[in-house]
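Letters A, B, C and D mark the chains in the order given here, with residues in each chain numbered from 1 onward.
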Amino acid sequence: MTTDASMQLGMIGLGRMGSSLVKRLVADGHRCVVYDVDAEAVARSVGQDVVGASTLQELVGGLERPRVLWIMVPAGLVQSTVDELAELLDAGDIVVDGGNSYYRDDIARAAQLAEKGIHHVDCGTSGGVWGVDRGFCLMIGGEPGPVAHLNPLFRTIAPGEASAHPTPGRTGSAGTAPQGYLHCGPSGAGHFVKMVHNGIEYGMMAAIAEGLNIIAHAGMGRHVPAASDAETTPLRDPAAYQYDIDVGEVAEVWRRGSVIGSWLMDLTADALARAPALDGFAGHVSDSGEGRWTVMAAVETGVPAAVITSAVYERFASRGEGDFADKVLSAMRSEFGGHAEKAD
Amino acid sequence: MTTDASMQLGMIGLGRMGSSLVKRLVADGHRCVVYDVDAEAVARSVGQDVVGASTLQELVGGLERPRVLWIMVPAGLVQSTVDELAELLDAGDIVVDGGNSYYRDDIARAAQLAEKGIHHVDCGTSGGVWGVDRGFCLMIGGEPGPVAHLNPLFRTIAPGEASAHPTPGRTGSAGTAPQGYLHCGPSGAGHFVKMVHNGIEYGMMAAIAEGLNIIAHAGMGRHVPAASDAETTPLRDPAAYQYDIDVGEVAEVWRRGSVIGSWLMDLTADALARAPALDGFAGHVSDSGEGRWTVMAAVETGVPAAVITSAVYERFASRGEGDFADKVLSAMRSEFGGHAEKAD
Amino acid sequence: MTTDASMQLGMIGLGRMGSSLVKRLVADGHRCVVYDVDAEAVARSVGQDVVGASTLQELVGGLERPRVLWIMVPAGLVQSTVDELAELLDAGDIVVDGGNSYYRDDIARAAQLAEKGIHHVDCGTSGGVWGVDRGFCLMIGGEPGPVAHLNPLFRTIAPGEASAHPTPGRTGSAGTAPQGYLHCGPSGAGHFVKMVHNGIEYGMMAAIAEGLNIIAHAGMGRHVPAASDAETTPLRDPAAYQYDIDVGEVAEVWRRGSVIGSWLMDLTADALARAPALDGFAGHVSDSGEGRWTVMAAVETGVPAAVITSAVYERFASRGEGDFADKVLSAMRSEFGGHAEKAD
Amino acid sequence: MTTDASMQLGMIGLGRMGSSLVKRLVADGHRCVVYDVDAEAVARSVGQDVVGASTLQELVGGLERPRVLWIMVPAGLVQSTVDELAELLDAGDIVVDGGNSYYRDDIARAAQLAEKGIHHVDCGTSGGVWGVDRGFCLMIGGEPGPVAHLNPLFRTIAPGEASAHPTPGRTGSAGTAPQGYLHCGPSGAGHFVKMVHNGIEYGMMAAIAEGLNIIAHAGMGRHVPAASDAETTPLRDPAAYQYDIDVGEVAEVWRRGSVIGSWLMDLTADALARAPALDGFAGHVSDSGEGRWTVMAAVETGVPAAVITSAVYERFASRGEGDFADKVLSAMRSEFGGHAEKAD
């Protein structure tokens, strides 16, 4: 096997990520057999070097041995897919989980498949909507042998060395990291690194959001309440908060030349260009698991992670999960005022 | 002057705190002249050893020299009161600010009054509704002479040494702290210590509120959504969250024997006894300044204060001040999903 | 069975907590058989109504049925003790875990013992060194029958209704909470509530520590560095930080009348009275598990708990667990300065 | 005046930023007169279209009216430079502060210079070592007239529209933001936005540092202590923490294709390539003011900013500023253990 070899891959799941991977793979000379519960998604993907399958069994039947199966389905469906594959595959075949599974599940699934001699590789995949063109960053966990066997696929999917200028201090280092993929360690290591990656992403997103919110309040001194009351702390220095700054323009200017320029800032600028006051959004922010798991890994290993955790908690609070605590505080404050006094 | 001397004091402001102080003072043999913008409040206070005044001028006229004026008015009215007193008082008189002024204002007001030879003493006062019976904790700033002159008053207002068992390790220490009042330092030192005191109170309150909120969620595993979706992280171990715990009873039990038993817990238990779900409260928690100032002191002196600051921020967020940031996060997440993709 | 009945209890573990419980129990008319791996501890405990046992087997043999075994050993030894008891006890006997076990272990142990018909009750116990005199706060989980059977013991151990003034708003409520013990729910509920109790305690302790640290820095303006450098942000307003406040005296004064007065403040005042600069302490703060578990419960149920979590992270950081992150920051900052530039 | 006009500028300060700006300006056809307290720095800068000056007076004398003076000196020297320029300049001249001044100082300096008819423009400048090639992001505050007059200079210094792909949702918007510079509002608005920019940068840096620290601890389960003690919480699931992940390779792989790829990640990868364990760094992280000011703006306007604030506090703590608080916690814990007990 050489890293330049053309390979064949079975893709399970043809959502945004799965279909992007297929496009990128066939464009570089690999062949794919594809399956999705949505037959139309299969039909849309079929073409030069892409064969459709209408069942998992048919998908497996269309692959050369050792088979390579790449799972790209929602997290809640991975286990049932692995269970089915355990029945259909043979010793030596390789299952890649390219989704956002919890790394502890990888460890369990690798053990489950190992009982039949099937290999499990976990592959955290980052890239978003641009990945189909610029490539995806891959964080990989599993046994060295199967991971090495998949090298031509990883090399194709990843952005490649030219996608960023070389790291100046990196001299004489081998490894695939500069090509945008990395074998991080044994089973689960890939999703562990991807989990932390997303935790960092949460922190970065929150930093941007908090900063823009501060800028959005920079004109507070112009709206001094007519009369102050005991419940409102008056602004000590209204003259220092007289600005009316366009946050959308700020996000746009930060996209160029600034050290906080990033894909996340690009998204922010785009959203603000479309709706300057973000009126369409309620601000109930979902979280998809990796942030929570990152916090739990920090707590279990006794490592402080205040920034990432604050980002996760802000999302919880945005969905009203702190409301009871807030009511407790209001109730305490109300008690200060004398309810208890009357009863004494 | 002896610490047992009976003294005369002019009280400005007869709200809950001011009227409690007057009661406590006359009960211990001191005499008061009292003033409030609300003539009815004055009328209610007048009695044995309590003379009413209908103007500040009349109040000042009724006091022996050196006059002692105790200001107990809302923070927003202190400066105008000090300005008026500066016109009415004479060198040697003493103005005590017993409210929640910002300590930097004390420094400025002390300088303002010093120009006329009038002394300014800042006195942070804690005790809440129980203070009238058990005494108030006093944190005092100002020049040594005037502070010493007021000693009999402080001794009366404070709870006294018997109000807590002796600190075992405290041997051979002099000072008034065991009696419940302390001269903390020059002008502003009293309100500086009171400011931090309130910052600590914010942190303690938030710790209680967060903890009860966690307990209120201990039954989450019993309400598993019918179908999971990509936006909701399913609870990994629903069996571990099957409890239906009565938070009001928990607050009540913690009042006895527990190391977190405290006046704050008493208030919490009372509020939950009155309204187990705290239905009457919206959970928009006010903050009264000291918490903010504590954070700013921490930041200016480069001292980490994550707990106190988190407590302050939870209050800000409870009032919706983080909503724009949350919308930015939702907007970013929406962009992930492909709005930007379509336009590319 | 009546709540006034004298009962017999087998105590396993005679450390500070175990021996305090035994003293309190026999003082109220109960009888104890006691065991500890340390034979001297057993010898010290033996006396009126206290019989010693030199093995677990002997302890079990000395108890009337249904036997009540109270485990008060370090968390790491609970499982092996339960395993041994599972061999020695009979159906209907009751094992109480009075230590700081993780509530999920309670659930597993209850299931383990239920296989033999033995009951498991988890009992979070708070009270510290004062508990022997003033009673312990008990948070209890388990089946209603066995918990009700133990009622006379709980009533004796708890502080009793008179230990705090009645909650004014509590009218017509039944229940044992006002006596200082509470059946919180099924297996694990007691230790769940105790876990959160300790999380709150962490938050309260940190609030006090942070506040005193701010006060300890209140004189920073008096020590302005001779020359400023680009790496040091100069204090903008040194005049506002000229105080030299005695933190030990502040802690002492807060013990009386203040709304933050508490047992935790008592401990703080005592420590500062013994060593004003706390010289004997390195400041590497341990954490004993409940704080971490509280954070994990918050994260798993999606509830924000910023204050409690900050308190836990401050402890992690105090032990150097954030050092690598700090080095990463320093390294980034160093890179700003031009290392990368030279290589470009 | 046209935006394509060649202009003349006087640069004060020829450090890394100042000299980069000069190179960029002359490369685009502008002319500079330059001054620095270090005569050698002046000598190094002189060349085609760059004239050196040995005093501020000489610099001012060499400029056409209305003069444009660009101050690029350490924050601590800006005020004295402005004071000198106030004496040397004439009405209509423009002073640009391109450093990291506090925005409130801009407001004061603008008022100071306005007394002589001199204009003050504040210009936050971001770009780091790459700016000389790719341009700098400029955040500008001041009166519309002078800001418009400087447009050709800003256009040259900024990266230009081609430096990033267009924001898809931005249709029909005018303005200079897509070119990388923005007039944010009146005096101080530029440095206000730059201040928040740096606050966001602090948050992003901390998110990366925390994440890498978690990865660095992923092997903790392999180093279980021989014997557990009461002070150490044992890892509940050592099998989940068996990884030995190369953090430097992780930083490198995240540079390509990942949504957290950024200049900050580039710096991190470079630092780890040079010294994988970052041995040369003590981890005492400095902070340069903007982070603190961002937190204070958040607190003053009542806006939650938990992530940015946590990042600032982590830096304070890294320098030992939390040590006294940690000692207080250790002391409390020690008191739990019975010091107080002995004295009771």
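As a working rule, contacts are C-beta pairs under 8 Å (C-beta built on N, C-alpha and C of every residue); 3 or more make two chains touch, one makes a residue touch a chain.
Since the structure is predicted, the reported quantities are computational estimates derived from the model, not experimental observations.
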Between the pairs A-D and C-D, the one where more C-beta pairs touch: A-D
Chain at maximum distance from subunit A, centres defined as averaged CA atoms: B
Chain centre separation (subunit A, subunit C; CA means) in Å: 37
Gap in Å, rounded to a whole number, between the CA centres of subunit D and subunit A: 28
Interchain centroid distance [CA atoms averaged], subunit C/subunit D, Å: 44
Per-residue multi-chain contacts in subunit B, two or more chains: 128, 168-169, 206, 208, 210, 212-213, 217, 233, 236, 264, 266, 270-271, 274, 287, 292, 300, 302-306, 310, 313-314, 317, 321-322, 325, 339-340, 343-344
Contact set on subunit A toward subunit D in their complex: 103-104, 107, 126-128, 131, 134-139, 158-160, 163-164, 167-171, 173, 175-182, 184-186, 188-189, 192-193, 196-197, 199-204, 206-208, 210-215, 217-218, 220, 233, 235-237, 239-246, 249-250, 252-264, 266, 269-271, 273-274, 294, 297-298, 300-308, 310-311, 313-314
Complex contact set, residues of subunit B against subunit A: 16, 74-76, 102, 128-130, 205-206, 208-210, 212-213, 216-217, 228, 230-234, 236, 264, 266-268, 270-272, 274-275, 278, 281-289, 292, 306, 310, 314-315, 317-318, 321-336, 338-341, 343-344
Subunit C - residues contacting subunit A, complex: 168-169, 287, 292, 295-296, 299-300, 302-306, 309-310, 312-314, 316-317, 319, 321-322, 325, 339-340, 342-344
